[in-house]
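Have a look at the structure that comes next, please.
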Amino acid sequence: MSENFEPVIVGFLCNWCSYRAADLAGTARLKYAPNMRPIRVMCSGRVDPQFVLKALRNGADGVMIAGCHPGECHYVSGNIKALRRFVLLKKMLRQLGVEEERVQLVWASASEGIILAEKVDKMTAEVRALGPLNWNKTVLGGNGHPVVKAEPVAEEV
Amino acid sequence: MKKYALFPGCSLEKMAASYYRSSVETTKKFGVELQELEDWNCCGATTYSYIDELLANTLVARNLALAEKEGLDFVAPCSACYKNAYFTNKYIKEDPDLWEHINYALEQDDLQFHGSIEVYHIIDIFAKEIGPEEIKAKVTNPLNGLKVAPYYGCQIVRPRKNGEEFENPQFFEEIIDAMGAEPVDFAERLRCCGASLIMTNRQAALEMVRVLLNNALNSGADVIATACPLCQVNLECYQTAVNEEFGTDFKMPVLYFTQIMGLALGLPRKQLGIGSELVSAAPIFSQVMVKEGK
Amino acid sequence: MSAKPTFSHEISNLMYKSHGNPTKSCIQCGTCAGTCPVAEYMDQTPRRLIGMINANLKEEVLASNTYWFCASCYHCTVRCPSQIDIAGVMYAVKRYSIWNKSYSEDLVGPAFSEAFVKIIARSGRSYEPILAPTYMFSMEPKEFVQEAFNATKMMLKGRIPVLPTRIKHIKNFQEMIRRIIPIGGES
Amino acid sequence: MSDKPKLAMYWSASCGGCEISVLNIHEHILTVDEVFDVAFFPCIADFKVHHVESYPDGYIDVCLWNGAVRNSEGEHMAHLLRQKSKFMVAYGSCAYEGCIPALSNLTSKEATFNTVYFDNPSIDNPNKVLPTESVQVTEGELTLPTFWNTVKSLDQVIDVDYYLPGCPPEPPQIWAVLQVIVGALLEGKPLPPKGSLVGHSGVAVCEECPLEKSEKTITKFFRPYEIVPEPGVCLLEQGIVCNGPATVGGCGALCPQVGMGCRGCYGPLPGVEDQGGKMLSAIASVIGAGEAGMDEHEIERQIEAVVDTIVDPAGTFYRFSMAHSLLERAKVNGKGE
Amino acid sequence: MNEEKVGVYVCHCGTNIAKVVDVVDVATWAGEQPNVEVAREYKFMCSSLGQELIEQDIKEKGLTRVVVASCSPHMHEKTFRGACERAGLNPFLFEMANIREHDSWITDDKVAATQKAKSLTNAAIARVVHHQPLEPIPVEINPNTLIVGGGIAGITAALELADAGNHVYLVEREPSIGGHMAQLDKTFPTLDCSACILTPKMVDVGQHANITLLTWSEVEELDGYLGNFTATVRKKARYVNEEVCTGCGICIEKCPAKVLDEVFEVGMGTRKVIYRPFPQAVPKYPVIDKENCIYFLRGKCKACELFCPTEPNSIDFTQKDEILKLQVGNIILATGYDLFDVKRIPQYGYGRLKNVFTSLEFERMVNASGPTDGKIVLRDGKTPPASVAIVHCVGSRDENYHKYCSKICCMYSLKFAHLVHERIPDAEVYNCYIDMRTPGKGYEEFYHRLLEEGTNFIRGKVAEITDAPRIPAEEGKLVVQVEDTLIGRQRRVPVDMVILSPAMEAKPDSKEVSQLFKMGCDFDGFFTERHPKLDPVATMTEGIYIAGACQGPKDVPESVVQGAAAAARVAGLINRGTVMMEPVRANIDQDKCSGCRICNNMCPYNAIVFHEDRHVSEVITALCQGCGTCVAACPSGIITGAHFTNDQVFSEIEGILWDVRPEKVLA
C-alpha cells in the first residue's frame, strides 16, 4: 500500500495572496501535485492551530499554511501572527512526534503561482517520503477511540 | 593576553619572513600573541579550487580544525589564505552537506571541525580588535609627513562579506592615519595586482603592476603598504621587469603595513625584517625621523 | 524528464549554492567585463563567456583563454547586478576543463595548477624551487632570464627556502585527500 | 438498605484528591449523607467489587467516577459501573479529560516504566524488576491489570452522562451540582441534557481573576521559579504562562490570585475542541517579536528566540487535557504504540 | 442530522473541467452525500441557463443551501450569489468548490483529479450546511476627500474632484505644492517647459473654492473606515500669518541669513531663512526655517517683521503648530518618490569626484531659474564641459540595490543628452545604458532624434568612474570604465562631466505611512495596489486609493492618469452616497468575554475596543475588515468570524478529508 502512497495534504490558503497564487498556477496550466486540498481563509492569521490539529486527526498526512509574504499582508500583519503561532505550534508538534515536514508554512504572493506550485510539489514529495500519518490507526492504534467525542454541552450550574 | 592561531601559509615561511616577524612583533606591543598553528598545511591557494572545490575546502578546513583544537581563533596574514579560510568557514556553516563531507575526510587525519571559531586577517586584528585609537596611543614615533598608499588588493575585502564595505573600505587608511602617517588618495587601491597571473600570463600581470605603481606615484606616495605577501612580491620584485617592459623608472618601496607600523611603534628595523627588499626602502627613512628602540 | 543538461546547468552544478545566482540570470550588462583588470588580454570578455555558456557553446567556451586568465580578484562578483559569482563561474569552467582535459594546449595555467597540486599532495606545503621549473620551461627566453634573475636576488636576500618543509603525518594527510578524490594522492 | 438514592464513587488513574474534594464540601456532606445511601465508595466504606457485581443493573443512581482510564482494570470497572448506574458522572479532570496521568501520552509505555522503575534517582531496583501481568507464587497465580500505552478519558471508554471539571472540582461547584442531582432525584426537577459539562462558570477564568489586565506584548516567558510576579498585574503580561484565558472558570481563579499562573485544570471553554491548541494560539499571538517590514528570516529568528523561552509547550498547554485533545497522544517511535 | 437541503451543481466548463475530472461521477456521488437534495452537472454553470437551473431548483425543490463546483470564487462567486438572491435565498447560503484552477488545470491525472474534485465538493457541502444568512452592512460616504501629497498626481486628483463639486483637503509636507515636477526644466519627449505646464494647475489648486490647501502639514493619525475617516493633521507653524500676508516677498529680500537649499535646489543653490521654495510657489506665503533663523537662535534680528508692509504685521514668531481633525470619506495617497542615494555606489565616485552629478542636480542646473541660470558648467561654476557621460541604471536593475527598472531614466537621460547638445553644440555626449527602454508615445522617436544628434551610445553598464589616469589622454579627466558590449571590449572613456541617473525609490518613511493608513507596502516600499492589472489605484483598504510614483516608478503622464483615475473612483463612491460592505466580520459574545485582552492588539484596524467598565472587549463592526486574526487568537473561542466560523471550517476539514477520515462511531 505504501508503495503507491499518495499523501493527502490540507492547505489553508489566504484569500488574497496564496489562494490567488493557486488560481494563477491553474490559469497558467502549471502541472503540480494534486495532493494539496485547499481551504480558503481570509488571512493566514485566521488559521487557528486547532485547524491544523483537526486536519491531522482527521486523516491528513500533512498541512500547509500559505499566506502573503511578511510585509505584504492584505491585513497588514496577519501573516506575522500566523508565523508566531506556527513557530510555537511546530515546537509543540515536535513533542507530539509529528515530523517537521508535515506541517509547513509558506509564503506566496498573488503573482507567485510558480512558487506555490513548487512548494506544493516539494512538500508532497517530502511527505510522500515520510509515509502515511493516519493518526487514528497508526498512532491511536485503532483503539477504537471515537473521533467525535460525546462533546460536553455547556451548562452552567 | 589575547592569543590567536597564526596561519603563516607557504609564503610567510621564507619569501615573506619579514611579514611574519613584523606581524608577531607589532601585535605583541598591543598584548596580542600570535602562536603559529601547529602542523598547518597549505591552504591550496587559488589553484586547488581549479581542481576540486570540495578538496580545496577540505585543505582549509584541516587548518581550521587544528586551530579549533587549540581553542584559538584563526589569523592569516596572507590575503589569499585568509579569503580561503574565511569563506570555507562560512560555506561549511551554511551547507550541512559540505560539512559532513569535510568531516568525513578530516576523520582520516583524526580531526573534526565543529565550526566554533572565527577567521581574521591580520589587518582585522589592528583595524577591529585593537582599533585606531589604541594604535594611536601606543605610537612613539609618529611617521609625520610620510605619505603611504594603502593597497587593499582583492581578497581582504572581496568577495562580499555581509555588512562589510567592499567598494569603499576605510580601515587601512584609518590604521595609517593612526601611525601618524598620511594615507594618500590611492584610486586604484582595490584593483588586483595580478599576482596569480605572474606565472601564467606575465604580460597581463606586468601591466597590472604598472597601473598600480603609476597611480601610487601620481598620488604622491612615498611607499606602498600591503597586507599580502603575494601583492608585496608582485609589486616589488617585478618592478625591474615592469621597467624593462614599459620603459618606466619605478623605484617605489613596497612594505608590509606591519613593518611600517613597527617603525611607528619604535621597533628596530631589523626586528621588522626590513632590509630584505629588492627595491630599497631607504628613501623613506631619510624622510621620517626614525627613533629605533632596542 | 531526463533531458540532457545544458552547459549552463553543468557549470551551475559545479558550484555551491552559496556562490550566488546561476549564469542564466545574466542580463548581459557588461559590468563584469567593464570591471575586469585582465579583460583586454582575454579572447572573450567575461560577459561574452557567460553568454556563450548560456548559449550552450561548450566547445568555444572551453577553447577560450578567458577563464584561465581570471585573476580571482572577485571584483566582478561583488559588482554583478544579477549577483552571479562570476569568479566562481570561472573556477567552475576551469574544473570542467581539467576534468575533461579540454583546455587549449598552449596555456600555462593548467600545467601550473597540476604541478602545484602534486607538490601539496606530496608534502602538505608548497615549495617554490620545485614548482618553478615545472612551468618555467614554457616561458619566453626574456621572461626566463627575468625570472631567474629575480630568484637569484631573492635567494641572496634569504627569501627562497633551501629545503622543503612538510607536515608531520603526511600519510594521514594523503589519506584525507584520497577520501575526497583520488587525484593528488596518487602521483 | 433504605430506599434512599444510591451514590457510588470510584477512582481509577487519579491522585485521590477528588475523593477528598467530595468530603471537603463542609457541612453539606451531612446533607449528602442524609440524602444518599453509599453503594460503593472504596475510599470511605468497605465495599468489594463482588458487591457491585451483585447489584441489579441501574441500581446505583449516581456514580461519580474520578480518574483516567489507564489499564484493563479501570476499563473493566468503568463498564461494570456504567451497567450498574443510572447516571455516570466524569468527576474531576482525570475522568473528564485525562489530566496529569494523560501527560504520559506524550511518551510510550516503555518510557514510562523506565522512568518509574529504573531511571529515577529515588529508585533502588538492582534486579531490574518490572511489574508483570501474571506471576506464579506458591499460593497460585497472581495477576496485575494490563497497562496500556495510552491513557484515556472516561468518555473514550464508556458513555458518560455529565462532566464535572477541576483538579479537583471546587466545593461550591460540587455542592451546586449535587443540589441539582438531589433536586432531580427527590423533587423531580429537570436535569441538564445528557452530555453536559456542569459545575463551571461558562466564562474563562480571567472573568473571576482580580488581576489588572491590559494589552499584551510578551518578549520573554518565565518559569514560575524564575520570577517574582508583580502583585496585582496579569501574570501572562509578566511572561508567566497562565492558561486562564483558555480555561473555563468556576474555580474562583484561586491560582492566579496567589501568583501562580492558571494551570488549566477546568479544561477548555464549552465549544472549544482543543484547549492546548487555543492557548497556544493565544500565547503565540501576543509574542512581541517580528514586525512587518523586517527581513523574513529575521522575523522568524526573533520569534524563535521568544518561543525558545517556553519550555515544554505540550506539557504546559495540555497539562490536563491531553487525552481529550484533538491528537490525544504523541506519535512515538514512528507510531503510537 | 442537519435538516438542510443542499443543491450541488458540477460544472463542465466546456472541456476545461470535464476533460480531466469525471464530472458525471462527481455529481452522481455528490447526490449520495448527506443533506444533498439534488446534484446536477452542466456544461456552463455561469451561463444564464446554468444560473436559471439553480434558481429553478431553489424555488421548486425548496433548496436551503447551494454548492457550485466550478472555477475560482474570485471568478464567479458574485455570479452565483446573485442567482441565489434572485431566487430568494440569502446569498451567503452559497458555497463554491474550485475544481478548475485548483484541480483540472493543474494535473492530467484523471483519477486523482476526480478524487480531488469530490473532496473539494464535499468540503463545500459539509461547510455550507453550517452557513448562516448574512446581510451586507450599509456605510454612508462622507463627501469630503483627503489627498496626501501635492505633486502632479495629487494636484490632478484634487482638481478632478474639486471641479466635480466635491470638497478636498490637500495636505503637503513641504511649504509649496508642485512636487518633483516643479524642479524639472523640460519634460520628455515633447520638451515642454515643466514650470509652464505645471504652474497654472498649481494656481488653480490655490484658488479653488472646493480645495482646502494645507501645505507645511503632515497627517499624524488616521481613524475610521471607508466613508468615515478622521485624519489628524499637524499644520506646522509657518511663523507667517496667512490671513494677512500678501506674498509680496519683501521679508525674503530683507532676511540677512542664507542657507544651502538641500530640498528644492538639491544642494546646488542657496535660499533665505524665510523663504518660498521657488518663485511660483503655491501658496505664496513664505515660511520661516526655525532651525536656522537668527531670531530663533539668538533672540534678535526680526528683520522680516521690521520690513513687513502689511497691517497688522504678517510675521508672527509666536505661532504654534495647529492640530486639525478632518472628517473625510475617502483618501488618496500621492506621496511620490525619492531618488536613490548614489553614494551607496562608491565606485561611481559621487561626493569624491566633484564633477559627478546626479540627475536632479543637472535638472536644476539646466533650469533657467536654477542656481546657474541654466548654464551647463562644471562644479567650479564657470567651465562648460567638453564631454559628458550619462550613466543609466544607477541603482536600478541591480539586485544589490533595486531589482526593478525605474522606467523613466532612459528617457530623461536622453533628454539630458539633448540639452547638452543644445547648450554646448561641440560637446561629446556618451550615454551608457544596459538596454534602451523607450516604450511610450513619441518616446522611441525621441531616441532616434538623439541618435541623429550624434550622441555616442555605449551599450554597457558602467563599472566604475575614476580620476586615476593610465595614459596621458586621461589626465585631468574623469574616466568612465565600461564594457561596450556591442563590440565586446572594455573601454575607458575620458570625460569632463558625469551625470548619474539614479533609481526612483520609495520614500524612506513609506513603511510607516503604509502602517498609518493601514494598507500594504511591497518589499521595495512602494504601496501595494489592490490588483496590479485591473485595480491599480485602489488598495486593499477600502476607501484608500493611491496615485503616482508612491505606487511604483512612473513618469508625469502616468502620474496624471493615476491621479485622475483615483479621483474618478472616489467620485463614484461619493455619488452613490452609501455603499454596502461584505458582512464578513468578527463579533465578540459580550456575555462570554472574560476580558483577558489577548485580542486587543491583534487588530491592525483598531477595531477592537475594551470596555473598562464592563471588562469586556468589543469589535466595532464598521472598522472590522474580516481577517479573522482575533478569532484565531481568542483562547475562549467566543469571537466568531462571520462566514468563517470554527464550525464552518471544522466541517470543511472533515468534508475535505472524507476519504481518509476515520469512521464516526463511538467505541
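The letters A, B, C, D and E name the chains in turn, as written, and every chain counts its residues from 1.
Following the convention adopted for this analysis, a contact is a pair of C-beta atoms (placed from the backbone, for glycine too) under 8 Å apart; a residue touches a chain by one contact, two chains touch by 3 or more.
It should be emphasised that the depicted structure is a prediction, and the values quoted were computed from it without experimental measurement.
The minimum number of touch steps separating chain C from chain E is 1. Looking at A-D and B-E, the interface holding more C-beta pairs in contact is that of A-D. Taking the mean Cα position of each chain as its centre, B sits at the greatest distance from chain A. Using the mean of the Cα atoms as each chain's centre, the chain most removed from chain C is D. Each chain gets one centre point, the mean of its Cα atoms, and the points for chain B and chain D are 68 Å apart.
Mean C-alpha position of chain D lies 54 Å from that of chain E.
Residues of chain B found to touch two or more other chains are 167, 211. Counting partner chains per residue, chain C shows two or more touched chains at residues 79. In chain A, the residues touching two or more other chains are 48-50, 54, 69, 71, 73, 76-77, 81, 85, 143, 145-146, 150.
Going by the touch rule set out above, the chain pairs that meet are A-D, A-E, B-C, B-E, C-E, D-E.
The touching residues of chain A, counted against chain D in their complex, run 48-50, 52-54, 56-57, 69-71, 73, 76-77, 80-81, 83-85, 87-89, 91-92, 95-98, 107, 133, 135, 138-141, 143, 145-146, 149-157.
Within the complex formed with chain B, the chain E residues making contact are 345-347, 466-470. Interface of chain E with chain C (complex): residues 347, 393, 397-400, 434-435, 459-464, 481-485, 488-490.
Taken together, the chain D residues at the contact with chain A in this complex read 96, 106, 149-150, 152-153, 155-156, 159-160, 163, 173, 176-177, 180, 192-193, 195-202, 270-274, 276-278, 280-281, 283-285, 287, 289-294, 296, 299-300, 303-304, 307, 310, 312-315, 317, 324-332, 335-337.
Listing the residues of chain D that touch chain E in their complex gives 156-157, 159, 202-207, 213-217, 234, 236, 244-246, 249, 268-269, 271-273, 278-279, 281-282, 285-286, 292-293.
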